[in-house]
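Next, two complexes with subunit A in common: one pairs it with subunit B, the other with subunit C.
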Partner chain A sequence: MNPRHLVYWLVAAALISVPVVYNQPYHLHVMVLILIWSFAYTSWSVMGRFGLVSLGHGGFMGVGAYVTALLWNHLGLSPWFGIPIALVCAGALALIVAYPCFRFRITGHYFALVTLALSGIVLQVITATRDWTGGSLGYTPERTKGNAIAALQFVEKETWYLIALAVWAAGIAIWYWIDRSMIRYAMEAISEDEDAAAAAGINVTAEKLKITVLSAVMTALAGALYCQYQMFISPDTVSGISVSLQMVFAAVVGGIYVALGPTVGAIITILLAEGLRIGFGTKAVGWDNLVYGVLLVVFIIFLPKGILGSLLERMKSSSKR
Partner chain B sequence: MADIFDVYLAEAIISGILLGGVLALLALGLNLIFGVIDVTWICYAELIMLGMYALYYFYSVYGLPMWVAAPACILVVAVLGLLLHYIVIAPLLDAPPINQLLATGGVLFFLQSFATVAFGIDFRNLGIRLPVLALGEMHFSYARLLAFGAALAGMVVVYLFMTRTYIGTAIRAISQDRQIMALMGVDTRRLYLVTSAIGGALAGLAACLLVLQYDVHPFVGLSFGPITFLICVLGGLGNFIGGFVAAFLFAQIISLGGLYSDLEWGYVLAFAFFIVMMFIRPAGLLARRS
Partner chain C sequence: MLVVEGLFKRFGGFTAVNNVSFKVEKGEILGLIGPNGSGKSTIFNMLSGTFPPSAGSIRFEGGELAGLPPHKIINRGIGRTFQIPRPFRRLSIFENVALAGYYGQGGGSGSHSRGKADESAERALAAVGLPADRKASVDGLGAAGLKKLELAKALATEPKLLLADESLGGLDEHEMDQAADMLRRIRDDLGITIIWVEHIMGVLMRVVDRVMVLDHGEKISEGLPSQVSSDPRVIEVYLGTDAQDTQAAAAEARR
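For the complex of A and B:
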């Protein structure tokens, strides 16, 4: 075993043992939130890093959360079955929207705006079907009276920490898997020049679809997880344009070209929001987004590779010298 | 029963046309910016939101008469457009288009929360009750008629400016080829600033018209921002006539959809229509198929 692997194992062991050593509920809660959102942001960057900027991921997250909760409340279907169904729904939605986009070469601005429409649709559908979904007042999955495991509802924060940690780690693993697969080279070629990539024998539409559906399904899982953990969802917290922009924002701040970039973005944004909330209470309403907005603009102008991306690059260039 | 139904139908269709005028005005400013500078202002609706607040403060708080307050509001938003270009867009002109989009997304966050912090989250309105025009059994508010008229007038002024003045001609030329124009000795930076100011002024005009009908709050931009983008994309980004046609189509769908069911379903229908149209005409309604 080389020293590098040893470090990974040590970090993993340290992360797993956190709730055993330290279980202050509020801090655990913040960590669970960070893990869930990190996973969502990582899902976005899986496709975002190849220049496929989607503003529709709020929609996929909403589908994941609402389908799971609706199946549980109305049909009594356990989230163990509900979540896979929700993931399939999100994947199908991604396919329906993305296939024509890629087939007809809708890229760049146009792609971002079409996906923006998608998150708008999901938000409006959730609001319009208020008889089932509670509309903009939000929705609560019913508390189970029976088996907690079957209902995927746990009171202990420790359990949720471990679940979120596992899902987050899976997200990072998927990121690495793509980073080392042929899809990455195909996608990089496509983002440089679609015609040249097609001429080199890459099936442009198929490769883009694969990555989009994967990203959408992962985002929907994040939504379902968030719903099960918070036990309350509203159209504004899991769908819509602001959630989509929030994903893009955190990923860009952390760095979309490195595996842990979105995680760093989630840590920064959530700690900032929580810090402002605790420090200033209700006076801070709006201030966190004010800071986000300025940061996003500053980052895109001066540090387009994000905090972690720029740091790693600097370390690499200094070690070469 | 049938008679009443037809009256409602006619009323919905005419309301749709009136709404279309305002949507067309919204789309015009965004199309202008896109066509000339090749940038999408995601925060366009938030500029309008600030314009609505500006008019509210000028008119209701400081008590200025409307004929002073409205031009002042247009001026304020025009300056905001200028600043947006100068501070955010200009440094990013050579960056990938998606970075420009995201940067204006950051401005969207900033403006929304700025409004929350500065003005609070209360709903505010001008407190003007414009009379309702009764035409037979149909009812239309004067606010809507006024908005429709002003929107059309604004569009005619922009059209005349673009075709009859030297700067307008230069702006149209630059939207056709941005490299050549610089070689021809045109100061592109100045033209971009002028265009941004005009785009801002159009947002300001839209703000004056919208605040007559709707309450203003920090998140009001989210209620008509997305629809404006969809109209521009459906018409073909940068295509003025396409945007105009798309605005009226969208307005009809929303209005008629709202007649048969809730207003949200009107929006859902409009969004779904948009996605279907993207499959059929990906480059916009009026684009020639290659």
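For the complex of A and C:
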């Protein structure tokens, strides 16, 4: 076995054994949150790294969370079926929004604005259908009295840690798979020059749609997972513009061109939010958003490749010398 | 091989291409010339699917192309280069060409095998004389190198018909001759039919089999290089502006 693979296996083993060795509930809770959000941010960066800046991913996350919970509460449909349905819904929503954008060449800032409207619309729909969704007060999936596995409801944090770890690892694997596949070259080409990409034989609209739908479906899975873990969702925590912006922020801070960038972003944002919450309590409500905003500007200007991206680049250039 | 009939393109009230018909036979090099704004690039853009014609038909090997999107047209076997090279700067030279090989032959969504795409890329790079080094950056290429890369991208899609758009602008005389010879070699060795749009008459006349002349969106002359360059209408509307060049070119073509 080559040493690189050995390192991967050791890291995997270490990550899997965390809850066995160390199971302080609060710390484990923070780790689960980090893993779920890392997966969401990774999902965003799957398209964000190709210049497809979506400010509407909160919408997909909301669809994932709410469709799963609504199907469970109203129809008694297990999340094992509810989640795939939610993912299909998110994919369909992505198609409906993205197809006209790509077909009529809405790119760059204009694309970002269209997606911004999407996250607003999903938030409004959840709030407006309050008889079903509980509106802005939030929504709780009913606790199961039967089989915990069928209901995908677990009390033990260790179980959630392992589920979140598996999903996060799958997200990283997808990121790598894209990074090595031809679609990456196609997307890089498209983000530079759509006409030249078309002249190279690329079906520009189709390739952009593929990556967008993939990203949306992954994000919806993050939403569904968050819902099952927290057992409480509200429009502000899983959808809406602030969640969408938080994704952009975390991914940019960590680095959107490296696989673990969004994960680093999640660690920073969640530790920041938790730190402010514990340090200042209710006095600091909303501060994290302010800090995000300022940091986002600073990062885009001074460190556009993000923390991990810049760090890896520096290591690479110093090892060459 | 290619039969174009009654082609029109209108942009608002302006008619950029006005009832143009022509044929291209398999294995020939057709030169397409005309002053700026005469409709050459508009015809290319319709042939390659950048936009559909307002009216008329484009039949390639019996199948209708008018209105098809670019990736489908490339898949039928028509490749194109751009007047100004448009490389993908974030990809290496090899990746640029392999990408075109992969998608160009894969019907736009990449169902092609990657190994075969790499092979087409290697062949295309060899045909234009660029190194097949997988990491070499596009930034190292000069004007002539970028033109070659542009050509290699089109060749990697394994076209039967190549649309070469003013591929010699910005080159010096020696480089122009080389490029013209390269187009001829592509036809001779790879059997690819070529339509060549060009400003620079001299080199073009030396290499092409037939010439078609456009002015204000209309075809005003067509025939052998020697016939076309002595056609009084051509001299009047197009060549009158630089008559000396023209006569030199005609003389060279007759030789």
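Basically, the second predicted complex is superposed on the first by the 321 of 321 C-alpha atoms of A that agree within 3 Å, B and C clash if a C-alpha of one lies under 4 Å from a C-alpha of the other, contacts with A are read in each partner's own complex, and residues count from 1 in each chain.
Just so we're on the same page, contacts are C-beta pairs under 8 Å (C-beta built on N, C-alpha and C of every residue); 3 or more make two chains touch, one makes a residue touch a chain.
Every value quoted in this text rests on a predicted model; they were computed, and no experiment measured them.
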Look at A:C101 in the shared chain and tell me whether it touches subunit B only, subunit C only, both, or neither; answer first, second, both or neither. first
Just to be sure I read the superposition right, which of the two partners does A:E188 touch: subunit B = first, subunit C = second, or both, or neither? second
Using the superposition on chain A described above, determine whether A:L260 touches subunit B (first), subunit C (second), both, or neither. neither
Counting only touches as set out at the top, which of subunit B and subunit C does A:A92 meet: first, second, both, neither? neither
Thinking of the overlay built on chain A, is A:F249 touched by subunit B (first), by subunit C (second), by both, or by neither? first
Touching partner for A:V114 - first (subunit B), second (subunit C), both, neither: first
Contacts of A:I172 with subunit B and subunit C, given as first, second, both or neither: neither
Among the partners subunit B and subunit C, which is in contact with a greater number of residues of subunit A? B
Please work out whether A:V53 is in contact with subunit B alone, subunit C alone, both, or neither, and reply first, second, both or neither. first
So in the complex, the part of subunit A that touches subunit C is made up of which residues? 182-183, 185-186, 188-189, 192-193, 195-204, 206-207, 210
Which of the residues in subunit C come into contact with subunit A in the complex? 48-50, 69-71, 74-75, 80, 82, 86-91, 95-96, 98-100, 102-110, 114, 117, 153-154, 157
Within their complex, state which residues of subunit A touch subunit B. 51, 53, 97, 100-101, 104-106, 108-110, 112-114, 116-118, 120-121, 124-125, 127-128, 240-242, 245, 248-249, 252, 285-290, 292-297, 300-301, 304
Where on subunit B does subunit A make contact in their complex? 40, 42, 88, 91-92, 95-99, 101-103, 105-114, 116-117, 121, 218, 222, 225-227, 229-230, 232-233, 237, 262, 264-265, 267-268, 271-272, 274-275, 278-279, 282
